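The letters A, B, C, D, E and F name the chains in turn, as written, and every chain counts its residues from 1.
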Amino acid sequence: MMTIVRNSWIEGLGKGDRAAMFLFFPVLLVLLSGKAAFAAEASKIDTGDTAWLLVSTALVMVMTPGLAFFYGGMARSKNVLNTIMLSFIILCMMSVQWVLWGYTLAFGPDVGGIIGSLSWLGLKGVGLEPTEGSTIPHQLFMMFQGMFAIITPALITGAFAERIKFSTFLVFTLIWATLVYDPLAHWVWGGGWLGDLGALDFAGGTVVHISSGASALIAALVVGKRKGYPTEPIHPNNLPLTVIGAALLWFGWFGFNAGSALAANASAVNAFVTTNTATGTAAFTWTMVEWLHRGKPTILGAATGAVAGLVAITPAAGFVGPISSIFIGAGAGLFCYYAVVILKPKLGYDDSLDVFGVHGVGGTWGAIATGLFASSSIPGSTDGLFFGNPAQLGKQLIAVAATWVLACVVTFVTLKVLDGIMGLRVKEEEEVEGLDLSQHGETGYYL
Amino acid sequence: MMTIVRNSWIEGLGKGDRAAMFLFFPVLLVLLSGKAAFAAEASKIDTGDTAWLLVSTALVMVMTPGLAFFYGGMARSKNVLNTIMLSFIILCMMSVQWVLWGYTLAFGPDVGGIIGSLSWLGLKGVGLEPTEGSTIPHQLFMMFQGMFAIITPALITGAFAERIKFSTFLVFTLIWATLVYDPLAHWVWGGGWLGDLGALDFAGGTVVHISSGASALIAALVVGKRKGYPTEPIHPNNLPLTVIGAALLWFGWFGFNAGSALAANASAVNAFVTTNTATGTAAFTWTMVEWLHRGKPTILGAATGAVAGLVAITPAAGFVGPISSIFIGAGAGLFCYYAVVILKPKLGYDDSLDVFGVHGVGGTWGAIATGLFASSSIPGSTDGLFFGNPAQLGKQLIAVAATWVLACVVTFVTLKVLDGIMGLRVKEEEEVEGLDLSQHGETGYYL
Amino acid sequence: MMTIVRNSWIEGLGKGDRAAMFLFFPVLLVLLSGKAAFAAEASKIDTGDTAWLLVSTALVMVMTPGLAFFYGGMARSKNVLNTIMLSFIILCMMSVQWVLWGYTLAFGPDVGGIIGSLSWLGLKGVGLEPTEGSTIPHQLFMMFQGMFAIITPALITGAFAERIKFSTFLVFTLIWATLVYDPLAHWVWGGGWLGDLGALDFAGGTVVHISSGASALIAALVVGKRKGYPTEPIHPNNLPLTVIGAALLWFGWFGFNAGSALAANASAVNAFVTTNTATGTAAFTWTMVEWLHRGKPTILGAATGAVAGLVAITPAAGFVGPISSIFIGAGAGLFCYYAVVILKPKLGYDDSLDVFGVHGVGGTWGAIATGLFASSSIPGSTDGLFFGNPAQLGKQLIAVAATWVLACVVTFVTLKVLDGIMGLRVKEEEEVEGLDLSQHGETGYYL
Amino acid sequence: MKMVSAVIKHFRLDDVRKALTDIGVQGMTVTEVKGFGRQKGHMEVYRGVEYEVRFLPKVKIDVAVPEEKLDEVLKAIQESARTGEIGDGKIFVYGLEDVIRIRTGERGKEAI
Amino acid sequence: MKMVSAVIKHFRLDDVRKALTDIGVQGMTVTEVKGFGRQKGHMEVYRGVEYEVRFLPKVKIDVAVPEEKLDEVLKAIQESARTGEIGDGKIFVYGLEDVIRIRTGERGKEAI
Amino acid sequence: MKMVSAVIKHFRLDDVRKALTDIGVQGMTVTEVKGFGRQKGHMEVYRGVEYEVRFLPKVKIDVAVPEEKLDEVLKAIQESARTGEIGDGKIFVYGLEDVIRIRTGERGKEAI
């Protein structure tokens, strides 16, 4: 239903790209009438849990600019602003999408295990009192989840950076968020079939990382290579900026993972410890492997390895112990290094900033590793294969497969349709000139 | 009284600028005798609320460097350090002023609804136990408020950046903080007449944004245009740095607005949600308007729009619902865009980094919008015009007007006096050479 | 015992530097068998305290990248990445060391007041329930302390930046962390003799700052001067990056100091207030002194002064009042300025980024000042000299002396041994070319 | 043909460009350079260490001109770049043996 | 000996370098420059203020060549730098009176 | 008059400047350039992709000198810039037809 409505919109706007982005403004008018219901009394709120979730939400928010800098520093100088902008505008746009219709699709009352109903459209009925069994205001849960919905499409932007047409990208993101992210979040966390099945995903290995990593692979293939790739040298323009981004990601990820306990409790602490340990291990592993394999340890390698570790521990953070997290981190360093450094050149696609290699591969490894290392000795966890429960691994594999299929199919169809209607890439001379000037009329540095 | 003392000081120091800054050191001597009273027992502290306020205070602190980078990236390369320094030194200097005399003027026992008494000079009597009705230590409230007192004068620096004389700027800031900020904070939050009147200002629309925005306009007019403005092109030197600043501002603003609930409660959550929603909307609106109006969506536009949204939602954050915050954000995007892009060139003043256009206009819109959209369905709020209470709009207008008058008058007089005594601007050749070298003997980049 | 094992390892690896870093991987195998014990129930956790410590831990984590940027911006362009990498790789490596053996050495069951036993190797027995008398999970305390163990060796890197051989540096760091940091943390906080003695160190003046500052002095002397120092001009490559680092340090230090209360209580608030006040004062003092002494106030001075203030207030934060913190901050500004600007050129060693001048001198001053200004009117504190208890000063001096001796001796011996085995410095042509290229094969900027 | 190469102060660039286009010059090439000369440098202070920076940022404009336009161009540059203070810079004139427009292959005067 | 100095578009640099090394040129020196010419600049917009940026980033290649190689070099550059659009750039040829290799002190042709 | 243009290694700049001022040279202009020559470049590795960076950072010094000082200047540069390793750089000498000091309008030798 929603797709049809949207497509007719796009057809009408095809010629005037500038206007294409006003897609969701009319929805506002509909919502003006139905005013949101707020409960004045905030019963059963735990201030400590609420404090932690408020902070966690802010921490996850800062990951999106962090990602913008991580990616931006790796682009060429002429594309630094555009690369940053792709994430930044998603932060802005998705902040509104989530409030208007994203949250209800993902977490609204379940419809057949597949999607949330529209009854919480515009946060109608999403109040300030905690929901049943929770110790934090419902809107805080909504906002915390909103930050996940923001960063996930931003992750994909690394795949088509340095060549995507800005207007098309905005439309793609809205569609992707609505047709991939929102249902997937529902399947896993919103009362949908994957959660019911018992697949474990503590903080978004499938929902966030596999979904974005798989979509990135498809996007890289459909959008095509950057002009000059891989013959022209493509130097990162500002590696200190990339490290700033990696640092903000690491910092914010404590909110992402430990915040996913939804309380300031033992589970949060466990997630915090495993997150830091896996990340350190992965970054160190990547650096050492690189040193052995290529002769030099690089800071881009360390930063990339850290992100790979963060990704891989995400689904497992609250389900495995610290020593297990060392193995998960080491695996992330190894597998993602292999994917980025050895596999990508062999296969020849141009995933500009290695979203597939890091998030697709790291997320898949993490989801599987959760099925291996999960231990019921951690509060709120069950056992995985290594602790005697092979069934869990099966559930994890189903979740992985379902995510891959949904993400790949919808991304492929959406991009193909948009290619026909709006075009996916900037013109060749715009790509040569750089997207900062051609898309935004700005120049990154006048130093 | 204090003004007279200060002026005679300044006369004596007029020739020796270096010494001019030691203004408040003597005060220390006075304070050494009266040792602050600390209560050993911390009764009725709520650890969750305290945790949240500790974090919020840190978050508001990081906004001032955030602002430094936001502004610094927009300056020309030769002025990048000076522009950053203006905010950074305020962070240092005001951290001391607030402890010594700022807090008691703003929040000390009320004197006639106008100012706080001096009885809490040097934090005498400001202890570690919560005050009546509060769940956090009194000193924590003091520190949280202190961060507001720090960022407010820093906001103004955008108006006279790239030409202000450093020594004069320091003196101006101390006077402004004491004669504008401290009384104003008292009027609204410290037991003064505007609070009594019932004017709503959740987190500082009047106290912080109108006061700085109005003063910025006056300062831009009194200090005069930069050499070459508007004929010479003035390119931002480092837009990624500006986005880093915007990201830190957005991040820190969660502490600013949601921390203003002074507890980890429903009101904080409401403020958090409206802050993020209004900001996303404003940034997105600005970008789209720019796209339609000028042909290209810019990242500087997105970042500026985000700040405009943050400003506008500040007074309203805990009083309006999420859907209302979309309208407030959209208004901020529109009105501030208009002020910065259309009004400023028409009127011809040189507000270097658009403090008036963003904080003056955005703050005024936010204060009025609070009177429109406030809804008693939010805990701790009352109704505004759209919810049947037109009187609230009147109170908001009185607060706006009072703030404008106080800020403009004191800023004008102070700058005129300082111009006579110390001079406001660097010499023309220093301006041409750049303030980094002429004022600080440093160069921003050797890349 | 551990040293011998390590040295034999190093001999075997001396020729193949790449492999030298795998030092601690074998330990993993040992640990795989003994699985960590986790308690499912989390009794007596206070959610507010836990929330605050979770946040504090994240804040301390972000200080290490902050330090990387603070240092990185001061290096020359050709060494910017290497300088950042030194801190970043420590963050990665020490995240693992701490979990494996660092924590048990520092905080494991006391052995003779000197060191922790190995019974908590690999976090065995370090669970998710609070320990006796604590309100936060044991693992959270472990992680919070881990962040201190990470940043401390990172501080030292400023002393030998721009010339250290990367492989040797990694080995040195592991040894230093194990033989200096871990015992010292035990002495002061882990149940060791300095804590028993009653020496006060709220958040690490001795453990963190004196230890790193003293070691830095030794390292600067042993490693020797950079080629061209002090005749060739050495310009910071990116001062805005340095200020980004200083801002993150200031921000994160709230977790460092106020988090050291281990609860969201009055002591945390006191530490927060004194931290901010001392820092502002120190930065302002440094800038003013510089202005008087050299004719211009610099932003590098303000940033350095801020760090000096943060260092000096660290041991005192929870033991002194706000007015005392002004004196401590002013002292930090003065003494560190003197050490960096006047003493260093006189003595002629090349402590590249002034670790000794800032952390050694500032930390020593702070530890002594704690003995002067501590006041029992602050919850959890005792009196210092100025409040009638001269004995406290004596204890502080013992702690200072012990720290200096341990740090200097072990650092000296370690560096000398490593010099013989692996070599401390890069080759001269590598130093000329820059460490980014020679050690990492990367270039910082392509702007 | 001659190549006129002028090292000037940064903030005069726009005026010089205008002066040149006013007399019909259609192209020029600009390079960021550092100049060392009679004009004294400035001091930079980093943590108390002072460096004299003797190389000052300047900008170099290269303009290829046909012989007959040389004097007019020299005059235009001199007048527009001049502030009367030390460090205004210098103009160097070289012989230019050939010019080729890459796009068209034109050579000599027409290619300028 | 001649000095050939070509101002070209950035993204042609690699091709030009290859073309030159293919015909045996062993050295060259490259400078980042900004060019002003017939090629129109672009607009930049900052908070609604539009600037026309007329100076476009170009790259200058300087190659010292012995007389006898001049034509070959000119041809190689022209062909490899050409896109056929305005702004492809120009080649300037100067007389070169001497060349010295610093390392060895060789002079003239051998030093190239 | 001659224009002496030397491409040298970065870290020799200070020594060359001193050598030149020692023999009475009062001005020079310095440009950051990238050199390609016999000196081999270095490898850069980004996420496992290796690039050979053949253009090495060098610095170019331009000094206008009166004929009679030419040899002295060449010698000073050669000696101070030399490390004896490949990549030490080259000195190019051009004829300089005129020099003008912008501030005073002086021309020729006096303007140097």
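The definition used in the following text is that a residue touches a chain if its C-beta (ideal position, glycine included) is under 8 Å from a C-beta of that chain, and two chains touch if they have at least 3 such contacts.
Computed from a prediction, not measured in an experiment: that's the story for all the values here.
Both chain C and chain E are touched by A, B, D, F. A count of contacting C-beta pairs for C-F and for A-F identifies A-F as the more extensively joined pair.
Averaged Cα coordinates give chain A a centre that lies 45 Å from the centre of chain E. Once the centre of each chain is set as its mean CA position, chain D and chain F turn out to be 18 Å apart. Put simply, the C-alpha centre of chain B and that of chain E have 51 angstrom between them. Among the residues of chain C, those in touch with two or more other chains are 46-49, 51-52, 55, 235-236, 238, 244, 294, 296, 298, 300, 441-445, 447. Chain contacts: chain F has residues 31-32, 44-46, 50, 53, 94-95 touching two or more partner chains. Pairs of chains that satisfy the touch definition comprise A-B, A-C, A-E, A-F, B-C, B-D, B-E, C-D, C-F, D-E, D-F, E-F.
Remark: chain B residues 228, 232, 432-433, 437, 441-443 touch chain D in the complex. Note for the complex: chain A touches chain F at residues 74, 230, 233-236, 290, 293-294, 296, 298, 300-301, 304, 337, 340-342, 345, 354. Interface residues of chain E facing chain B in the complex, by the touch rule stated above, are 44-51, 53. Residue ranges on chain F touching chain D, taken from their complex, read 3, 17, 26-32, 64, 94-103, 105, 111-112. Across the complex, chain A meets chain C through its residues 46-49, 51-52, 55, 59, 76-77, 235-240, 243-244, 246-247, 250-251, 254-255, 258, 263-266, 268-270, 272-273, 276-277, 279-281, 283-284, 287-288, 291-292, 294-300, 302-303, 305-306, 321-323, 326-327, 375, 377-379, 444-445, 447.
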